Amino acid sequence: MARFLKNREESKGQSPGALIFIGEKKTTSVQARVIDYDSTILTEQELSHIKDGSHFKQTNTVTWLNINGLHDIEKIKEVGQIFDLHPLVMEDILNTGQRPKVEDFNAYIFIVLKMIRFDTETEMIFNEQLSIVLGDNFLVTFQEQPGDVFEPVRKRIRRQKSRIRGSGTDYLAYSLLDTVVDNYIHIIEVIGEKIEDLEEMILEGNDTTVMEKINAFKREINYLRKSIRPAREAILHLSRLDSDLFQESTIPFLKDLQDLINQATEAIDTYRDLLTDQLNIYNSVMANKMNDIMKVLTIFAAIFIPLTFIAGIYGTNFEYLPELHYKYSYAVFWTALIVIAGALLVFFKRKRWL
Amino acid sequence: MARFLKNREESKGQSPGALIFIGEKKTTSVQARVIDYDSTILTEQELSHIKDGSHFKQTNTVTWLNINGLHDIEKIKEVGQIFDLHPLVMEDILNTGQRPKVEDFNAYIFIVLKMIRFDTETEMIFNEQLSIVLGDNFLVTFQEQPGDVFEPVRKRIRRQKSRIRGSGTDYLAYSLLDTVVDNYIHIIEVIGEKIEDLEEMILEGNDTTVMEKINAFKREINYLRKSIRPAREAILHLSRLDSDLFQESTIPFLKDLQDLINQATEAIDTYRDLLTDQLNIYNSVMANKMNDIMKVLTIFAAIFIPLTFIAGIYGTNFEYLPELHYKYSYAVFWTALIVIAGALLVFFKRKRWL
Amino acid sequence: MARFLKNREESKGQSPGALIFIGEKKTTSVQARVIDYDSTILTEQELSHIKDGSHFKQTNTVTWLNINGLHDIEKIKEVGQIFDLHPLVMEDILNTGQRPKVEDFNAYIFIVLKMIRFDTETEMIFNEQLSIVLGDNFLVTFQEQPGDVFEPVRKRIRRQKSRIRGSGTDYLAYSLLDTVVDNYIHIIEVIGEKIEDLEEMILEGNDTTVMEKINAFKREINYLRKSIRPAREAILHLSRLDSDLFQESTIPFLKDLQDLINQATEAIDTYRDLLTDQLNIYNSVMANKMNDIMKVLTIFAAIFIPLTFIAGIYGTNFEYLPELHYKYSYAVFWTALIVIAGALLVFFKRKRWL
Amino acid sequence: MARFLKNREESKGQSPGALIFIGEKKTTSVQARVIDYDSTILTEQELSHIKDGSHFKQTNTVTWLNINGLHDIEKIKEVGQIFDLHPLVMEDILNTGQRPKVEDFNAYIFIVLKMIRFDTETEMIFNEQLSIVLGDNFLVTFQEQPGDVFEPVRKRIRRQKSRIRGSGTDYLAYSLLDTVVDNYIHIIEVIGEKIEDLEEMILEGNDTTVMEKINAFKREINYLRKSIRPAREAILHLSRLDSDLFQESTIPFLKDLQDLINQATEAIDTYRDLLTDQLNIYNSVMANKMNDIMKVLTIFAAIFIPLTFIAGIYGTNFEYLPELHYKYSYAVFWTALIVIAGALLVFFKRKRWL
Amino acid sequence: MARFLKNREESKGQSPGALIFIGEKKTTSVQARVIDYDSTILTEQELSHIKDGSHFKQTNTVTWLNINGLHDIEKIKEVGQIFDLHPLVMEDILNTGQRPKVEDFNAYIFIVLKMIRFDTETEMIFNEQLSIVLGDNFLVTFQEQPGDVFEPVRKRIRRQKSRIRGSGTDYLAYSLLDTVVDNYIHIIEVIGEKIEDLEEMILEGNDTTVMEKINAFKREINYLRKSIRPAREAILHLSRLDSDLFQESTIPFLKDLQDLINQATEAIDTYRDLLTDQLNIYNSVMANKMNDIMKVLTIFAAIFIPLTFIAGIYGTNFEYLPELHYKYSYAVFWTALIVIAGALLVFFKRKRWL
C-alpha cells in the first residue's frame, strides 16, 4: 500500500460529506471519555452511550470529550449531531489521510494534526490522525487508536491549582497541541542522534549497510516532514485567526507553540541536508576505495606481467637461443628482473601510489 | 510528437479566436447530453441537434450540457452561439493544449482542467482536456473523447434527496471538479505504490531494468505534475473569485477541494523526491557492486600473477640454473608459493577485502 | 564572442542615450514600410525617405511603420524625431542586447522582445531584437534584419472584415506579440520533440554522441529561456499597466497572451528538467556498462589466471618433480583444471555475474 | 547526543512555563553582576544575593544585570520575580535550545541569540544561549557559562565620555548585539580562510583526509547557519518593532547591525557553495586519478599479455614444431615482439594515453 | 586571508562609529580632487588640504569631490566634518568590506558599491569599494586606490553642451553608477567568452587542466556575484527612494540602470549554470573515457589470457602427454587458438565494444 498517500479508493466519487472511514479497520469498540472541569469542580467519566455526553454541552465548564477509534461510523455521527458539525468536518475526521490544517467555522475551530510514533525496532515512523473540534465550552478530540500522549495534560487538569484549571477551552487546546509538538521534537531528536552517528560509520567505510541506513532515514525524515510542515502552516494560521474563541492571554502561548514547531521543521531540514551530505561523502569514500583497489591491482600487474614475459622468453624452446648457454645468463636474468621491478617501484613511488 | 507540448502548427499565425481543433481527430460524431434538474424535476436527454439545447437556457432549472468530442467545429460553434461565449473561450475549448486555468467573464466562469488516466499496460499517463463553462443556470462541459469520471455525479443527481438536487450550478461545478481531483489522488496513489515498491528492487540490485523504471516513473510524475500544479493555482483562484455565481454555502466545499488538490501536489512532490533518492541509491549500489567486482579481480590477479611469475622462472631453459637440480627444490618451490599466497591473503584480509 | 551577453565594448563609458548600434553590421540599406488603415481605408507603402512617414502621424488611422535594419543610425534618429522618442528608448532600440521589457512613457509604451529562430542544420537558436513603440494612433516596429513572422498579421489587415481592421493600435500590438509568442511555442515544440527522442538513444547506450546532444540542447534551452522568461515578466507587466493606450476590449486578449507565454516558460522548464534527468540516466547507463565490462574482464581473468599458474607449475624444469612422471598425471591435471574452472563458474553464477 | 537539536526529554509533557534547565549542568555557583550608570555616575557590583539587585530597578539610571549560569533555578526565578517576567520567557531562558528570536512584551523586549565559539583544536563550533531582557531602565542578560565577548562594551561604559554613557538601555542592547554579531563575522572569517585553503589540497589530490575536512567544515558551517540565520530574522524583526523602548537615534545603529548580520549570512552561504563545489572538484580529481591508474594498467597489460602469449607458443613442447629449429627463429621472434610492442605503443600514443 | 570576507579583526569589539581602516594599507598620500560646475562655469582642482574643499559646499554649483585612498584617517575625518556625515557612514567608508547598499539620511544619500577589475594574467577578479555621498549640491566619492573608470564622465563634464552640465548631482550620481555597472557588464562578457570557450576543450577531453579552469571560473563568478547581486538590490532601493534629492527627469535613467544591472545578474546566473553543466559534461566525458580504457584492457586480457593458458598446457613437461607427439598437433593447436580468438572477437563485436 502506498505509505505516502492514504488509499481513498472507497471514497472516490462519493458525494462530499459522505461518511466513510479511511484507515485500518479496528475490532475493539469506540471509546468515549469525558473530562469536565472548571477551577472548582472536576468530573471524569467513560461514556457508554455517546448521547450521555450531550448534557455537558450546556454547562459553562470546560468539557473535553476524547474519542478513541473511528471505525464505528454511527457513533461518530452522533458526536457530529450533538456538536452540530459540518458534513465536511465529519468527512475529514473519518477520512484519516487529511493534510494537517486549521479551519474556522465561527461556532467552532476545526484542527487536524498528526500524532507521530517512532518504532525503535523497525526504525520507522508511524502516524495517527488527531482531529480537534474547539468550541466555546467544549473540546472534542478524535483519535484513530487508543493510547495517546495526553496523559500529562490529564494529570495537570487533575491538579486544582494548575493554570489549565483556571483557563478555558482555548488553553486546553493549546496544551494538547503543545504536547503533540513536544513529541515531534522528541522524535526528531531520537532519529537525529541516529543520523549523526552514521557519520563515523561512513568514514570507516567498511559497513556496507550504511547506505541502506542513509536511505531508510531519508525516507523516514521525508515521511515526518509530510506531517510536520503542514502542521507549521496550520499553527501559524491558528495564531493569526481572529476568533472570539481565543482569549488574549492565550496568544503568547500560541507564539511559543510557533517557536516550537519552527524548531521542529528546521531540525528536519537540517537532518535532510545532513543525510544528503552523508550520501555524497559515502560516494566519495567508495570512489576512494575503488582507487585503492585499482592501485593494488595495477602495481601487481604492472610489475609481474613484464617479469613473467621475460621469464617466458627464456622458457621458449628455440634450438638456437644463445643466451641459454652462457654461464652467467641466469644471474644476469635475475639482475634484469630485479632492476625492472625496482624501476617500476620507483615509478609508482613517484606517482605516490605507494 | 512532443508529448509535453501539444503541436499547434495549425494555429500558428492565426487570428486570435480562430477556431481550430488541436488534438487527435476522431471519426465518431460529437455527442451532446443534457441533464436538467431542480429539487423536484429531472430531465435527461441526448441531443441530436445542438440547437435543441437552447430552450433549457431560459428555464430556472440547473442545466448541464455535456459535449463529448470537439472535432466537429460547426457544432461547437453552435454551442458557443447559444451560450454567447467569447471567441477566446471558444478557441481555448478547441485548442486542447491549454494550461489549466480559471477565468471570470462576469456572465460566466470559464474553467479548464485535465482529466487524467493511467494506462496500466504501458504504465503511462494520458490526459484529456475538460473545459467547463459555469453560468447562472447552466453549466456546459466539453470533453475530447467519450467516457469520463462523472457517472457517480449523475447518479447523485438522479437521487432526488441529494444535496446536489437542492443546490445550484455552482455546487454542480464543484461536484465535477471534486470528482476530477479525487481521480488525481487515486492515480497518484496507484503510481506511488509502484514507486515505493521499486526500493526493494534497487537494494537487491540485480534487476537492470530498475533504472529504466525509475526513469519512466520520473517522466510520468513530471507529466502528471504538468496537469496538476496549474490545476492547484486554478482552484485557488476559483475560491478567491468574488463572483455572484458562487453561493455562500458552496465556499466551504471549495476550501475542501483546495485541501484535496494540495494533497495531490504534495504527494507528487514527495514521489519526485523519492525517485531522485532512489536514483542516487541505485548509483551507490552500482558503485558498491563495481567495488566488489574489482576486489575479486584484484585478489585473483594479485595472488596468481606473482606465483605464475615464479613458476615462469623455473620454466626457463637456462643451462646453468642450479636450483633446478637440487633434490628439495620442488618442495621449497611449493613452500614459497604457499607462503606468498598466504601472505597476500593476510594482506587482503587486513584491508577487509575478504 | 560571448553568445549569452552581447558585446557592448563600444557603448562602454558613453553618455546615456548615446546612439551606438550594438549588433552585426549589415550592408543592405534600412527598409521602412508603412501600413496605414482603419475599418474602411488601407494604404501599404515602402518609404524611401523616413520623413515621408511623418504625415501618417497626424491622421486618425492606425499607422504601422516597420523598420528593418538598424545600422544606419541617422535614419533611426529621424524616426525618433518624428515620434518624439526619449533618448534612452533610442539607445535601447539600437543596443540590441536589451533584456525583454515593457516601459510606459505615457505618450507611448515601449516594448522590447526577442524574435527567435531555430536553425535546423546547426540545431541552434538565434534571436533578433524586436522593439515596438505603441502610440495613440501609430505603432513602430524595429527589427535587426529583414524577414519576420508578421506576414499572417499583414494578411489579416488586408482582409477588410477582420477584427484587426476594426480595432486600434493596441490590438495591432497584441497581434504582433501573439505571433511572436506563438512562434516561441512552435520552436519549443520542435526542440522538445528532439529532446524526447533522445531518451531511447540513451537507453540503448551505444551512441556516444548522445551526451554531446544532451549538452547542446541544454545550452539551447538555456539560451531560449534567456529570451522567454523576461518576456513573460514583460507581458505580465503590460497587462497590468494602467495605460489609456489599451482599450477595455483588448484586455482579454492580453490575458490570453499571458496564458500562452506561461505555457512557453513551463514547457522550457519541463524540458530543462527532462534533460537533467536524461544526463543522470546516461551516467547510470554508463556505470552499468562499466560494471558489465568489468564483469567480463574479471570472469576471464579469475578463471584463466589460476589455471595458467597450474600449467606453469608443471612447465618448470625441476629435475626432481615426481608428478611429471606418473602415468595419469596429465589426466589428473586436466581434471583439476576443469574442476577449478567449474567451481569458479558456479561462484560467479551465485554472484549473478553470469 | 544529537548536536543539532537539544535534548528536551525532561521538559516533555511539562506544563508550559515549567522551569526546567535544559543544558549541561554546572557545579559552580550562579554569578550576578550589576553595572549601573548614567552620563555622570557609574557603579559596578557583584551581587551575592539576587534580591540586592532589585533596588536598581527603581532608579532612572541604566542598569545592566548579567547572570552567568542557569542551573540554579531558584536564583533565576528570583530574577524573574524582580523584573516581572512572563512564565514563557522564564522557560525560554532556562531551556537553552531556543531558536534565536525577538519578542515584544510591551513592558520589555525579550531577545534570544547564540554566542558562538570556535575551538581551534577540534575545529568545531560551540554555542551558548544568550537571553536579553530589555526594559525601560534595565537590561538583564543570561548566559549559560562564565566568560563572554562583552568586555569591550564594559570598557566603553567605564569611559565617561563614550556615546554609551550618554544613551539608554536600547543603545546598550544594540552594543551587546553588535559585539555578538561582530564575533560571528570573525569566526566565519577564521573558518572561511581554512575552507579557501582546502582548494589547493584538493587539486594536488594526494591528501586523502581532504574529503573528511570538506565534510567536517560543511557540518560546522551548517551548525553555524543554524544559529545565525534565525538571528538575522530576529534582528530584522527588532528593527521593525514599533516599541517605545527604542529611541529614534538608535535606529541607524540597528540598520547597521542588519548590514552586519546580512554580511554574515551571505558569507555562510558563499562558503557552503564553495564546499559543495570543492566536493565536486574532489570527485572529478578522483575520477581523473582513476583514469590514470587504469591507463597504466591497460598499457602494461595490453603490451605484455600478447607478448607473453607468443613466448608461450614457443615454450610448448610439441615434437613437431618446425619454427623451433630454424637458425634465425629467435631473431625473428624478437623482431616480432618488438614490432608488436611498437605498434601497440603507437596505438596508445594515438589515443593520447601516453 | 579569507578572500570572500574581509578581515575585521581590528574593528572587533570597537564602539560603533569607531574609525578604523579595513583594507590594504597604502603608503602614497590621499588624493582629493574637486570638479565644480554648472551649465556655465567649470573648475577642476587638486586639493592639498581637504579643508580647501569646504567653500564649494556653500555654492549652488554641482561639486564633485573625489577621494583616492582611505588610509589617512584624519583626512577622511575632515571630509566627514565638512559634509556633516553620520559616524556610521564614516565607519562604512573606511571599513571597505561593506555589502553594497543604499541608505537615505535625508540630508544626503549614502551609496556603497564595488568597482571590479579583471586581471587577465591570473584570471582573477579584484574589487575595490566605492562609497558615494550624494547631497543637495555636492557629491563625494571615496575610493581605496587611485585609478578608476570615471574618466569618460569627467570628459563629458568638460563638454559644456553635455546633459550632465545641465543637470544636478542626482544625474552625476547616476552617471557614475552607470559607468560602474557598464563595467560589470564588460567584465562578465570577457569572462563569459572564456567560459563559453571551455566547452570545446571539455568535449575533446584531453586537456586535464580544463577541470581546474571550470573550478577557477566558478570561484570567480561567485566572487563577482557577491559584489553584483547586492548592487542590484541597492539600485532597486535607490530607484524606489522617495527622496527630494532626485529630480523627476532622472527617474527614467535610474530605470535604465536597473535594466543594466538586471542584465548583469542574469548573465552571471547563466554562466553559473553553464559552468555547472560543464562540470557534469566533464564528468560524463571522463566516465566515457574510463569505459573506453576498460574495454581495451578487457578485450586484450580476455583474448590473450585464455590463449596463453592453452600454450601453457602444452608447455608442461608431463612425461605422458600424448598430444605433444602427434604430427599435426601444432597445426591443430594454432587452429584452436585462432578459432577461440575469432569467437571472442565476434563476442565483443556483438557487444559493440569494437
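Note that the chains take the letters A, B, C, D and E in the order they are written out, and that residue 1 is the start of every chain.
What we mean here is this: a contact is a pair of C-beta atoms (placed from the backbone, for glycine too) under 8 Å apart; a residue touches a chain by one contact, two chains touch by 3 or more.
A quick note: this is a predicted structure, and the numbers were derived from the prediction, not measured.
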item: Intersection of contact partners for subunit D and subunit E; value: none
item: Contact distance in steps, from subunit A to subunit E; value: 2
item: C-alpha-based rotation, subunit C on subunit D, 0 to 180 degrees, nearest 5; value: 145
item: Interface sides of subunit A and subunit B: same vs different residues, half threshold; value: different
item: Rounded Å distance between subunit B and subunit E, as computed from the means of their C-alpha atoms; value: 41
item: Euclidean distance of C-alpha centroids - subunit B vs subunit C, Å; value: 26
item: Subunit E, residues touching no fewer than two other chains; value: 283, 287, 290, 294, 297, 301, 305, 308, 312, 315-317, 321
item: Touch-based graph of the chains, sorted into line, ring, star, complete or other; value: ring
item: Chains listed in ring sequence, where subunit A comes first and subunit B follows it; value: A, B, C, E, D
item: Footprint of subunit A on subunit B - complex, ascending; value: 149, 151-153, 156, 162-164, 174-175, 178-179, 182-183, 185-186, 188-190, 192-193, 196, 199, 203, 252-253, 255-256, 259, 262-263, 266-267, 270-271, 273-274, 277, 280-281, 283-285, 287-288, 290-291, 294-295, 297-298, 301-302, 305-306, 308-309, 312-313, 315-322, 351-353
item: Contacting residues of subunit E [partner subunit D, same complex]; value: 1-9, 11-17, 86, 88, 91-92, 97-99, 101, 103, 105, 206, 208, 211-212, 215, 218-219, 222, 226, 230, 279, 282-283, 286-287, 289-290, 292-294, 296-297, 300-301, 304-305, 307-308, 311-312, 314-317, 321, 323-330, 333
